[in-house]
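We just call them A, B and C in the order they show up, numbering each chain from 1.
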Amino acid sequence: MFDVHEMEVNFGPQHPSTHGVLRVLLKIDGERIIEAKPIIGYLHRGTEKLFEHMAYPQCIPHTDRMDYVASATNNLGFVEAVEKILGVTKLIPRRAQILRVILSELQRISSHLLWLATHAIDIGAMTPFFYCFREREQILDLFEAYCGARLTLNCMRIGGMPEDAPHGWLDEIEAFCAKFDAAVDEYESLLTTNRIWKRRTVGIGVLSPEDAIEWGITGPPLRGSGVEWDLRRAQPYECYPELEFDIPIGRNGDTYDRYLCRMAEMRQSNRILKQCIPLIKQTTPGDLKAKISKVIRPPEGEVYHSIEAPKGELGYYIVSDGKTQNAYRCHVRPPSFVNLQALPMLAKGHLVSDLVALIGTIDIVLGEVDR
Amino acid sequence: MSELPPTPPPAAPAAPPAAPAAPPAKTVDDIKRDPIVASAVARVNDAILDAKEFAGEITLFADRDRIVEVCRAFKDDGFVYLVDLAGVDYSKFPNHSGLRFSVAYMLYSFQKNARVRLRVWTDADTPVPSVTGVWKTANWHERETFDMLGIQFSGHPNLERILMWEGFNGHPLRKDFPIRGIDTGARIYPEVFPEGGGPKAGSTGKPANDVNVYKGEWKKYGTWPAAQIGGAPKPAVAAAPKPAPKPVAAAPAVEEGE
Amino acid sequence: MNTPLMHYLVWPLVKFLIAFIIVQVLVAAMNWIERRLLGLFQARLGPNRVGYKGLLQIIADPVKFLLKEDIVPASAEKVAYFLGPILPLIPAFIVFCLIPFGPPPTFTVTRVNVGLLLILALTSTGVYGIILGGWASNNKYSLMGGLRSAAQMVSYEVPFGLSIVGVLMICGSLDLVTIVRYQETNAWNFLPQIVACFIFLVAMNAENNRTPFDLPEAESELVAGYHTEYSAMKFAFFMLAEFSMMIVNSCLMVTLFFGGWTLGMFGIGLTTDVLRHMGMFGGILGTLIFVTKVMLFMLIYVWFRATFPRFRFDQLMDLGWKWMIPLALGNIFVTAIFILAGQERLMYWIGIVSIGLAAMYLFKPKPKRAAAPGKVAHAS
């Protein structure tokens, strides 16, 4: 009688809310998603291939371009992996360690701010976007003051840090930290108790802890499901063992819990930053580089090192042949790539409107997914 | 695990290594008895062929055909989390003899807060049994490894390319794949770019530094005043209608045309 | 001067043209006001390049739309594609004939004794253009936008109409002028009909596809919904129709619930008779009062847009069918009981008490948030 068949929609790669060039092939019945199939690779630049053809220090700028909204943590993961294969992890001066933590926590806040901005505007709340960018702009200014770049920082070196904190920089961070909690309150006052926001997020894309581990989910989505696991605490690096912070976890594993987790994480990062300022002021200015050879030629072997990037576990698997100054193989374990894999499972049975909320809540950056 | 044993730094890193100051080298059995992996290894002892320890990380070499069994044993022993799966092409590795490819499985255990790496050897034709039945997350990892290195996985639900497009001819992370890319046969704007030219051009028999240069006449978009940018205009430069013959010059011209 | 030709054709036409021009200026101004206000809400500037404080943006935007290339998709259904933006525009313009901007007869174009019905009938035809445009674009997103719009319009037309019934029962007329005259001698209708007023406010937001209900053009889901494929002047026509309909609905809101052009209750204050007594000046004053009230409701649209996230489609339907329609029906029932009992004035207390309760809830001091939250993110 009727010709009933589902509609196929190409969601992306040119679509306002796919956060880049993600393409989701949707099969929809009315507006209900029967099947969602992410198709990636539109931003594939062969970063891993490039890593094999350049010396280790030359790779650092290329790590910036993977998760381009959190380049400091990308740098951190890479330099730590190389330091690990060199066996010089213990030699990094304390001041450099604290500087790295400061930069990566600032980066975490800025990445989460960008997430909140886009997540909110995906769900239709326009105003938090601008509020988030207001604070993010201040963080980018801090980055600019430190290394001259705002987005692709290239701010870490194997064996230390390139620059000391510029004059007055730490005070600026302190001033930022003092204001930032109030700013988070402001975002939360717009969203957290908003009924429409809750209706759009509570119960959407529920991810059980078992599923999360099965799918390899890391970062805030994992913690939103109630698994208290953060690499900064589980396998601490740099000076994290001496810093006090809580790991926020959710209960239901839905979009709303992931939202709450990230909001709490921003506050925790701010707390870490506040502790770092006095710590770094106790150290000797200028003591930034470990005494390691300028020519970086690691011994034959392989390491996998991972850190807690804003989006989850960012790992580098480096194979060195012991003969050359470049990695024989450098595989990146990008958190977004793995987290995105759960999208079909999360989206099934939800509406098209929820798909944008789910893409937002996974917090993907396509530069990292496709590398 | 990120905490290293307090080894002294390599005395002369520039010197040929092979002495990463690993004190008395552990034997395979020593590593197998390491409390992190001992109970898991005990279940599949005969499938673990070799073991290595480097920088505090344990690598176990497993029998390729029994990797699913090994992975399941490790999962049952607490390594519930497949963090990463990476393939390596060892064809140009110094002093390497044996199979060409290696697949590494990075596992993590929440209970022990420890990582372990399983590895198998394979070649281009022999498929590795897929571990998607053990961890769902292996799906995309294996697809990526297949796409980038051409390693086959048997039993994978849909082993298709993930980052490169269907029909791409080659596996980019193989060591014999040229870094400058290959001529994929894709013709973007065939009316503007001739055969072999254009953004996706590659080894069409021309020298490597010459492949992407468009030699013909610029039909539409080549007339912008090149000398206007920076400093006094030089008539000699302004007269030249062609942009600089660099590979990068071709791509913006196309974007301009959209 | 008073020939039938002048009385029935020329004067209404002249008045309509004047009203039309004023409203179109308002539409253009509204565009600028909305953007500036959103800028204010969102810690940014808004348009500020063209002219003083970006005021010339009002002119620059139409000029830009006129000069842009008018793209018609190759596979579009040409006639329907062309009709899409035109159809919503016609009723949006005609409706201004029926709105009493000021004290009649001078400041009202035509006085129709079923004016309200006519307005409702005309405004609900606007959706055809949207559906037609969405379908004719031959784009899946446009089609989905058009369908969403259709479903939304159909759902919210019902509470929209039902909320008016209470007013009609109290005032006993479909004539907008009579309704206003009733309000100046009694209280403004928002007092006895506070529930209907609230339903009307929500429904008019939904009718106009404005923010919490902007699903047909939800840019993060459907790219731009029904007008994805439209560009240049055709797109501008959609926008023009939308803003015109916003003004129409605000006019209705003011006329039905907030006393129209008057500024008085119980026969005290600037009532129609007082304004008439002032002559031409009084008429202009009444019109200004009307426009000011209308603009206040336009600002509410902007305020909503800056504050709320977007509903999901099933939630929108849920709200419309499960809450608004029963509420509107209940309101009619309660109103009928009061009217039958002859105690209409008792209904004022409903309004006063509701407003008091709402104020208490809104201005209740909120508990301070803890400076550093605990380990568990306070999950629901």
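The criterion applied here is as follows: a residue touches a chain if its C-beta (ideal position, glycine included) is under 8 Å from a C-beta of that chain, and two chains touch if they have at least 3 such contacts.
Just so it is clear, the model here is predicted, and its values are computed rather than measured.
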Taking each chain's C-alpha mean as its centre, the one farthest from subunit B: C
Chain with minimal offset from the mean of all protein Cα atoms: A
Approximate Å spacing (C-alpha centroids) for the pair subunit A, subunit B: 21
Between subunit C and subunit A, distance of the C-alpha-averaged centres to the nearest whole Å: 43
Approximate Å spacing (C-alpha centroids) for the pair subunit B, subunit C: 58
Subunit A - residues contacting subunit B, complex: 40-41, 44, 46, 48-50, 52-53, 80, 84-91, 213-216, 227, 229, 234-237, 291-293, 295-306, 313, 315, 317, 319, 321-323, 328-329, 331, 333, 337-338, 341, 370-371
Complex interface listing, subunit B residues touching subunit A: 1-4, 6-7, 9-10, 12-14, 16-21, 54-55, 57, 59, 80-84, 86-89, 93-94, 104, 106, 110, 113, 115, 117, 135-137, 139-141, 144, 148, 161-165, 172-173, 177, 179
Of subunit A, residues touching subunit C in the complex: 7, 9, 15-17, 31, 120-127, 129-131, 134, 181, 185, 188, 190-191, 194, 196-200, 202, 224, 246-252, 256-257, 260-261, 263-264, 267, 271, 351-356
Subunit C residues within the subunit A interface of the complex: 38, 41-44, 140-141, 144, 211-212, 214-215, 218-223, 305-315, 369, 371-380
